[in-house]
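Next up: the structures, one after another.
Next come two complexes built around chain A: one with chain B, the other with chain C.
Take a look at the complex of A and B:
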């Protein structure tokens, strides 16, 4: 266990390092636009730009700039280029919305994905299976920002059931928090429900043919018990691993489209805004945050695997 | 999927399904692709959606014809101050408070106009052409590079495999949208070598790059298995060079995997293009694409919702038809394959 944790930790640190370098390079090297000129704005003269270049350290070699930015990140002093505000503060402000979105949607897409997966597998080939399969295909073919726009127009403007976007914190008003989030939760979940139910359906149908399932039936267990204890327990393994990865991405600000269309002011929207402003430090922090969550949940999922299936040993 | 394994699986699948009598009709020696084609032909739903997608492609390719002969306007032509006759009375294309007209269902402004007074139907077709083009080029890039990297890594093993796999892992760990948007925005500013920043090739390149690991990893895994097979040993004993073995022995056995991934990546590439364009990091204005059109339209909710609905439905229909057809192809080639690409 300790060995597992240490190896995972080293791997995670390596991934974070490479991703941070890559992000830095994408913005520093590719745009071949001078960041000092962007900060200075259109009307800055050569002197001001030179001044900005000096104070922000853009005249130094790339690796010095990188090290300086990383140091600022880890001491919590990193400041965004475009607005001059502390990046970690901005992310801290966005996190409640993003976490609320991720947790609610994560529960919805996991439970509905499993439910639909089981229903379609039990009824494989029947009408229920076919119609839910069609729905799943529509789900994976819908971009979230289009679904979000549909929800805002039909449920917001036309029916007046949901608010038109924005986020209200849970402590301000639990009910308002819920009504502002219910549409984003569902919109974000649709894609995942489609994928998970399809994956689970095929895993269950594969597991059905295993010897131990036949044995379980032969010893007289009810269908429900066979499904719950023998089939589902094994079929859930790929689902858990998908869920860990997807959930990590969403909580790390990966739900950019959903957050933007519903104007939730979460981490993802902050990232989208910063990228459009070619603002390196916030993007750097958000990508590292997401990658951190991906690695963290990857490890948690592996531990969970070992609990679900004792045959699986913990290894990197 | 090696050829003989595919035949096994095909046989097993037929034995499971009710069409047992048809299985007995299969002559010994029927090729795996012929079997797959027979299975696909039975799948009416998949064929129908394949037809729908073909229709969308043809319609979008005919965009210039529609623009010049029916609507008599280009995708970027501005009619903001003009009037057209609706129900016998002249109406401004964009009224005094900036709201465009809705669908007229006539040859001009069939689906209405956007706030710049441009013909929505013309833009829809041109936008579709751009979306499909970006998707197709991106898909080709992904497939070419993924197969090259996957085959090299799986065949060479050792440090080549290590380097390629680590590289793929980094792209993989990078959230798709953040990587796509970051690359898209920075390349749109600076361009890519000789390619200008607002060229369609920029989003195509970005999307093609982002999806490489999703195909390269499974390809590598399969090549790792294939290279241990007897026919590769035989080729080696016959004195074939490594390159020759990779191209003539390994590559043909990857064909069904590649075919399965093509629609999957195409559908996801079109969706990602729309998402990137929605965030301003994909197709650059004034070029239309379904994503940019939705993005523009969202600003005019609720007054002009047709600007979101029209490109959105078209996008969903196109992606849905590729997905259903692709699923049929996958079922036909290997009924037990499990392939998945996340967002």
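Take a look at the complex of A and C:
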């Protein structure tokens, strides 16, 4: 276990390093990406821009700039170019909304994805399966900004059931927190429910043909017991690893579209704003945060994997 | 036959609707098993032997399968029984051991828990601790050393032979009256095969259960069977006692099977006799006797299906499906034995 943790820690550091270098370099080659010009604003003359370049250190070699930014990030001093505020503070403010979104949606898409996966697999080839399959494809092809806009217009504006957007913290009002999040949870979940139910359906149908499932039937177990204890138990293993990575994505600010369309002020929306402004430090930090969560949950998923499937050992 | 057989299968037909057409996997198979008896069902792959026995506990049921005939077990017809009735028979009255022990145990559960699951599937009053104790006893009984510790192991921590012992222990959990073993030794090393057969034999002696052993291996059959059913392309072509089949085989297919056993007393340079040709497709089987296209002794009459009846005055229970007269069979068989049955070029060395 200790060896596993150390290996994963080294891997995580390597991933974060590569990701940060790549992100930093991308902004060096993007056209119109000169941060000095952006800080100076529309009417800045060449002299002002040269002055900004000098004070912010943009005239120094790229690796010096990279190292300085990294140092700022890890000492908590990193400042946004466009707004001049501390990036880590902004992310800290956005995290509660993002975590609320991720946890709620993660629970919904996992449970509904599993439910629909089981229903379609049990009824494979029948009407229920076919109609849910069509629904899954519709769900997968509907982008969150479209579904979100529909929800806000019909459920919020027309029917007045949900608020028109924004985020209220749980400590302020649990009920308000819930009503503000229910639509984002569902909208974000639709895509994942579609994917998960399809993946689980095909895994279940494969597992159905395993010899040990035949053994389970030969034991005289009921169809329900065979499904729950043997088929589902084995089919859930790939779903769990999918879930870990998707959840990490969302909690690291990956649900940019959903957060933006519902105006949740989360990490994802902050990232969206920073990308528009070609603001390197916040984008860099959010990217690294997402990568960190993906690596972290990847390790957690691997530990879980070993628990779920005793044939897998953590030594690798 | 004063004693009522444990299982009586009569005219069992199983067909599957496939995309290519109707497959008649089992065609009017009849056989019976008595208490304390080992019945071997022998045949090549695709002969319908596995389908026949899996049908007995409903494992072949599905939207595309059709069944006819009867299989009477403890006064109940298993072919027409409801799914709920069958479930009570599975694992309790009739238990099954499958071919591949490597894949027949669920990889994510401990050995002990899988045996406990079997025990409690039919005896819901037994506590988990009691069931675990019984699992240890069962494992000891089938020769698994250190059963108390090994009960916590997972299937992948066991060798193939040990896993098959676990499968047998599991099958014995609810003291079944009939044990069906579908190629139980095929996936195992020869030395382990003998041990597993030993276990089955002991078990039959101790419990008095009937055993159906499905196999293509005549060596296994000679070792353990009391009676033999030979199947070919979905039909029973011959059945009788071990001695009857081995020393007085009536059907040319049985001669071929017996001729293709490797024997120590044969010269090694000799080619191993093989039956020429391939088994027919069950989608469009040949008219009449299914073995006709491969049979060197076929004649006009073979385009009609011979009944499975006794054709020998002194052996009323030795049945076969061949039109040849008893005298013809004896002569042809002797010639065949001298020259070897093979006319094809297939060589197995």
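Definition applied: the second predicted complex is superposed on the first by the 312 of 316 C-alpha atoms of A that agree within 3 Å, B and C clash if a C-alpha of one lies under 4 Å from a C-alpha of the other, contacts with A are read in each partner's own complex, and residues count from 1 in each chain.
The working rule: a residue touches a chain if its C-beta (ideal position, glycine included) is under 8 Å from a C-beta of that chain, and two chains touch if they have at least 3 such contacts.
Owing to the predicted nature of the structure, the values given are computational and were not obtained by experimental measurement.
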Touched partner set for A:210, first chain B, second chain C, both or neither: second
Touched partner set for A:218, first chain B, second chain C, both or neither: second
Contacts of A:290 with chain B and chain C, given as first, second, both or neither: first
First (chain B), second (chain C), both or neither touched by A:18: first
Which of chain B and chain C A:7 touches, first, second, both or neither: neither
Touched partner set for A:233, first chain B, second chain C, both or neither: second
Which of chain B and chain C A:68 touches, first, second, both or neither: neither
List of chain B residues in touch with chain A within their complex: 169-170, 173-179, 181-183, 185-187, 189-190, 267, 271, 274-275, 278-281, 291, 294-295, 297-298, 301-302, 305, 308-309, 312, 315-316, 319-320, 323-324, 327, 336, 338, 340, 342-343
Interface residues, chain C side, partner chain A - complex: 57, 59, 87-92, 95-96, 98, 100, 103-108, 117-118, 121-122, 154, 156, 167, 170
Touching residues (chain side chain A, partner chain C) in the complex: 210-212, 214-222, 225, 229-230, 233-234, 308-311
Contacting residues of chain A [partner chain B, same complex]: 15, 18-19, 22-23, 26-27, 30-33, 137-138, 140-143, 145-146, 149-150, 152-153, 157-158, 191, 195, 199, 202-203, 206, 242, 245-246, 249, 252-254, 256-257, 260-261, 271-272, 275-276, 278, 283, 286-287, 290-291, 294-295
